[in-house]
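Both of the next two complexes hold chain A, though its partner changes from chain B to chain C.
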Partner chain A sequence: MTAVQAPPEARGQGTMAARPRRKRSPLGSRWTPFLFLAPAVVFILVFQAIPLLQQIYMSFTKTTLLNPTRSEWVGLDNYAWIVGDPEFQRTLATTFVYVVICVVGSVGLGLGLAMLLNRAFVGRGFARALITVPWAAPGIAVALIATWMLNAQYGIVNRLLDAIGLGVPGGAILDSPTYALPAILVTTIWQLFPFTSVVLLSALQAVPQELTEAATMDGAGRWWTFRAVTWQVIKPTVGLLALLMTIWSIRRFELIWLMTRGGPVGATETLVIDLYSQAFESQQLGRAAAIGMVGVIISLVVILASRMVARIAERKDAS
Partner chain B sequence: MNRLGRGIIAASAVVASGALVLSGCSAGSPEAETGEPGGVTTVTFAASTFGDPGRGPLLLELIDEFNTSQDSIRVAAAAVPYPTFGQTILTQMGSGLGPDLIRFDMPEFASASDAGLIHPLDDLIDAGDYDLLKQPDQFMVHDGVRHGIIFEASNYGMFYNTDLIPEPPTDYDEFVEIAQSLTGGDTFGLAFRQTEAEEAGVWQDIFNYVYGFGGAWSDGKKLTIDSPENLEGLEAYQALYDAEVIPKGADAATFRRMFAEGKVGMELNNGGYVSATKGQAPDLNFSVAPIPFPVRAQGAILAPIVINEASPAKEAAATFIEWVLEPEQQVKLQEILGASSVATATERSAASLEETPFLPVFDELTETSLPHVVLGFEAMTPDIRKVVVKNVIAALQGEQTMQEALDNAQEEASDLVG
Partner chain C sequence: MKTSTAGLVIRILAVVVALGIAIFPIYWMLVTALTSNADLFAPTPRLIPDLSQLGVFGTALADGKAPVWLLNSLIIAVGTMVVSITLGLPLGYALSRFSFRGKVIVTVILLFTQMLPEALMVVPLFSLFRRFGLLDSLLGLILANSAFVLPIVALVLKGAIDGIPRELEEAARVDGARPLGVLLRINLPLIAPSIAATAVIAFFHAWNEYVFAVTFIFTPGMQPASVGIANFIGELGTPIQTVMAVALMFTLPAVIFYLFAQKYVVAGMTAGAVKG
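Our next item is the complex of A and B:
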């Protein structure tokens, strides 16, 4: 019979009392996770949870910037004002148009560019680096440069448009209720699409080459190869980008504010511009909080909807 | 370490994190700002003009002079940029914080005064001791209570390039004629603000057209935005816009640079801008004349100095105001501010008059100048301004006629003021 030798730790157990007991580090206790989480929890509580609760409360009060501590409970008045204000409805419509075009434009253009950059050509590395410049530029610099480019007197855009016979009457693109929003959209997409293209380029590089080759050998054309192979791989990334772009577009402030301040005649007034204007120009914090809550609700709806779409797609793929 | 010990460590971490986060909230409290080592009370004085390239350093010198003259009070200047000055200071004051002394512009002064954020001066300063200029000073008193003292008053006049316009226009027709005749190539006869992005600036500019044609935003009790005189003035403003005698779309910074480069013939501006123009273009030949509109009434930038209601050093702050009001300091301040006026009547020096011969033009406009507020609705001025400017811009853009713009503005603004 072979004697089974106990492992060294077990062997030592009988002599435990004789050895000095090793002190357990407090970092190994069950409180350790809480210890590490505490700063983050405090940060979230102080800077997010409490302000959000305060905003919810404030949206039911009449609070002014000049007397923020002396608020008066007004129930749903602020929300009733929002619903009944035709200008707010226009603000919502402008926000919707701005967000949809930003998302479609930046993701669509980013995808096209990513597919181009995914091909082999001379100077590809340089092109990939160059394309990130608009994204790397600070938003304020982009807004100021765009404003100069669109300037009625000195702007290069007007000169080019005039040269090809498409000049805007008077030349003041940012002062025209018709052209101001398209100008802001072009600027926004110009700044955003490098980011989407870089992210999508990394997703495209994860597409297995053998699958693409197999599809081609099976006689699939470019479109079918893209649809059956490439799209299936990059779909989650596109979904995530669309979600990010939506949220970022809803809350985009500095570019619009610096270029038009929501004008002319409210043509570029989005939700956040209206919120800022109510809070700091009209000094109505209660109304601004209610507008902010509308933004929070829209963002939540977008997130939930994107999750639902992702789940449905997953189930479809599984079946 | 036992369970209790570990619990204490975790709890301490939470408390320490919270303390670290919350400690930032008390740094700007008035008590912290006026800590008094050696019995010296520090008074903070916020003004956007401290950052002006020409006048800022001279104003700081004046403050240094005050500090040298005092043993127990020290004034510390806080330069806050003009575009965000009102918002920054009002937000601080609304929270019970902010500087002790503030140089406000009128709309913000009216809002702060209405909200009880400004300390009444009647108990601290005897205004009767000083020969205050009556016209601008009347706007410092609300319901019989004095809330401010004029620090600077800048009347609006017509700046013109004397190389392009040897003799200034004396009536509106001449004004239009010169504007049209000078416009050509990249030179424009006139410039004014006309974009919603410069809402406050547009308000200041259209103010001259409204009052210069005999109009007014209110009669003191009710709004008169849609009055025939206002319509006439704003149609004149629109006619100049449509005549393309201005650089459309150019903001104030751009067209003022154009003026400095000799590419704009005329612009309506306030006296505070004389120093800036000279600083920007020392060789530019320009002068100033009264605005040649039918009625001699124009806007003025009134900038009162006030004491924050939340200030723990009100008496020290009042000491500084009294020092500034002394005749000797008024003359010095007048010299620093150039074409602007100060709280009291002062004599301009021969050197100033030789250097800037048109200074008396601004002084003569004091009696007919009005601040950019809606009289009787001073605290609501920012809201009314937003409504009016939005509608006027819509008229310029052809979205509605000027008559419709004023009708809509009257209705919307009346709803706002109740």
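Our next item is the complex of A and C:
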């Protein structure tokens, strides 16, 4: 605050005179909001908005990593190429499977666990704290320990599976086109379910106990009570979590990249992995940008669709 | 609600199993770090840590790489925390207290950035950073990470400031405080828990960040721990015990820090999203 300090009374009057009608926000000058906004907005423009616009432009060009400053305008060629590419269709399918199972798995398990933890018992606080450990563990460390646990020769998972006679032939789960994706899914859900369960637990605590008790006294079954009372209260939270998990799962990079790099033979290649390898392995920046745009558009569609669903549900509830 | 004893037992068992699943991989890191080579390659795996192997932590620190990685991670994380809160607090305040043209657009942009994959932004940020000499520098990573957490920081702080009655500010203003003074002297102390939450969110984001770090840093001595540890995966030179010891030193501070601030963080993470 190096500005000239006017005596308080004088400044107060000046403000009143300049903005007689806006009593609720009698702050400095009319430029004050912009002074508060400007640093952050400039920052976001420079490091997010302009780079994004550059990527949008780049998705319409042929640009290579070796010579990134020379790009040639190719219109929709990159999009035409990725749409026509059977491998990209597979990538989309893999992404879809990955996202849906992540969402269902993490929200489902999270809800189950939240219901368990919603009853009072000795050591509940302790259990609740410990359960969040996977969520707090850095993704890199998770990828490392998962890779070690799934190690073909010495991994504990293989040893356990062998012991109960379910071992994967050769043991190399992450090298198997069949088992690599499930392994990554289990790892992802392991990391996510503590988060969903903590959030859902706080939602469950808003469910009026008298209502569930009354319903049970009236002889309602547990399932009915859950649907009629509990579900109604937690529905918005479940919806929100499903949306959040969808967006996060579309974006997720490190875990998959470090565990399999999208392999074996593309079995775990999601959109973001494909984007990264197009840019840094095939060195096709234009194609990579176009793949990224497809991801952004899918996320946008998901968000808009979820808002519409929420609005329709609200209207139904209101009528 | 009355429950049968059998139901209670099943519930407790389920909680125990869930806890076991949640903890096991981290526990397994510890066990692996503290296993002698003989036990490691034995036909039956050792399931409890061998405390005679505690020297592994010394070995992990001795070659000097791991401490540098962890220090770099710490610098990046603290830097990201400071930059994103310094910029996010005024933004959150403006979104909460002022009405101005373009407010909706700013909010929409903040929410929109939440869905941008880092991998998509690597290439344009790389060329931007090259132009400004920010490649191979911790400052570059701090700026890139701050850009990604700034929106959530601003939205969480906006929510917190929304909850403070305006009357408190009016009183200060009558006494002649200027807007920034009001924010710092009146609001800041009241939203301390939310500041803590955003600090943890920013710290975590930067502590875990990998894509930018692996692309923008070339000098090994500048690498953060995320890159150093990721390089262990698939590499055969370093004994697995050392790898796990380093990974533990990377994981435990994060987990402990998180456990202390958990209450605020979860509220903050969801608040940011709910407001959308």
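By definition in this document, the second predicted complex is superposed on the first by the 292 of 319 C-alpha atoms of A that agree within 3 Å, B and C clash if a C-alpha of one lies under 4 Å from a C-alpha of the other, contacts with A are read in each partner's own complex, and residues count from 1 in each chain.
The criterion applied here is as follows: a residue touches a chain if its C-beta (ideal position, glycine included) is under 8 Å from a C-beta of that chain, and two chains touch if they have at least 3 such contacts.
These figures come from a predicted structure and were not determined experimentally.
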| item | value |
| --- | --- |
| Chain B versus chain C as contact partner of A:F34, first or second or both or neither | both |
| Which of chain B and chain C A:P68 touches, first, second, both or neither | both |
| Chain B versus chain C as contact partner of A:D77, first or second or both or neither | neither |
| Partner chain in contact with A:P177 - chain B first, chain C second, else both or neither | first |
| Greater chain A contact set [chain C / chain B] | C |
| Touched partner set for A:F43, first chain B, second chain C, both or neither | both |
| Which superposed partner A:V199 touches (first chain B, second chain C, both, neither) | second |
| Chain B versus chain C as contact partner of A:V265, first or second or both or neither | first |
| On chain A, the residue positions that both chain B and chain C contact, one per complex | 24, 26, 34-35, 39, 41, 43, 46-47, 68-69, 154, 259, 280 |
| Touching residues on chain A, where the partner in the complex is chain C | 1, 3, 7-9, 11-12, 24-28, 32-37, 39-41, 43-44, 46-52, 54-55, 58, 68-69, 113, 116-117, 119, 121, 127, 129-149, 154, 156, 159, 190, 194-195, 198-199, 202, 212-213, 216, 237, 240, 243-244, 247, 250-251, 253-254, 258-259, 272, 275-276, 279-280, 285, 288-289, 292, 295-296, 299-300, 303 |
| Partner chain A, residues of chain C touching it in the complex | 1, 11-12, 14-15, 18-19, 21-23, 25-26, 28-29, 32, 40-41, 45, 86-88, 90-91, 93-94, 97-100, 106, 109-110, 113-125, 127-128, 143-144, 146-148, 150-151, 154, 166, 173-176, 178-181, 204, 207-208, 210-211, 215, 225-226, 229-230, 232-234, 240, 243-244, 247, 250-251, 254-255, 258-259, 262, 266-267, 269-270, 273-274, 276 |
| List of chain A residues in touch with chain B within their complex | 23-24, 26, 29, 31, 34-35, 38-39, 41-43, 46-47, 64-69, 151-154, 170-177, 259-266, 277, 280-283 |
| Footprint of chain A on chain B - complex, ascending | 1, 5-7, 9-10, 13-14, 17-18, 21-22, 87, 90-91, 93-96, 111-112, 114-117, 186, 194-197, 199, 244, 247-250, 254, 382-383, 386, 390, 393-394, 397, 399 |
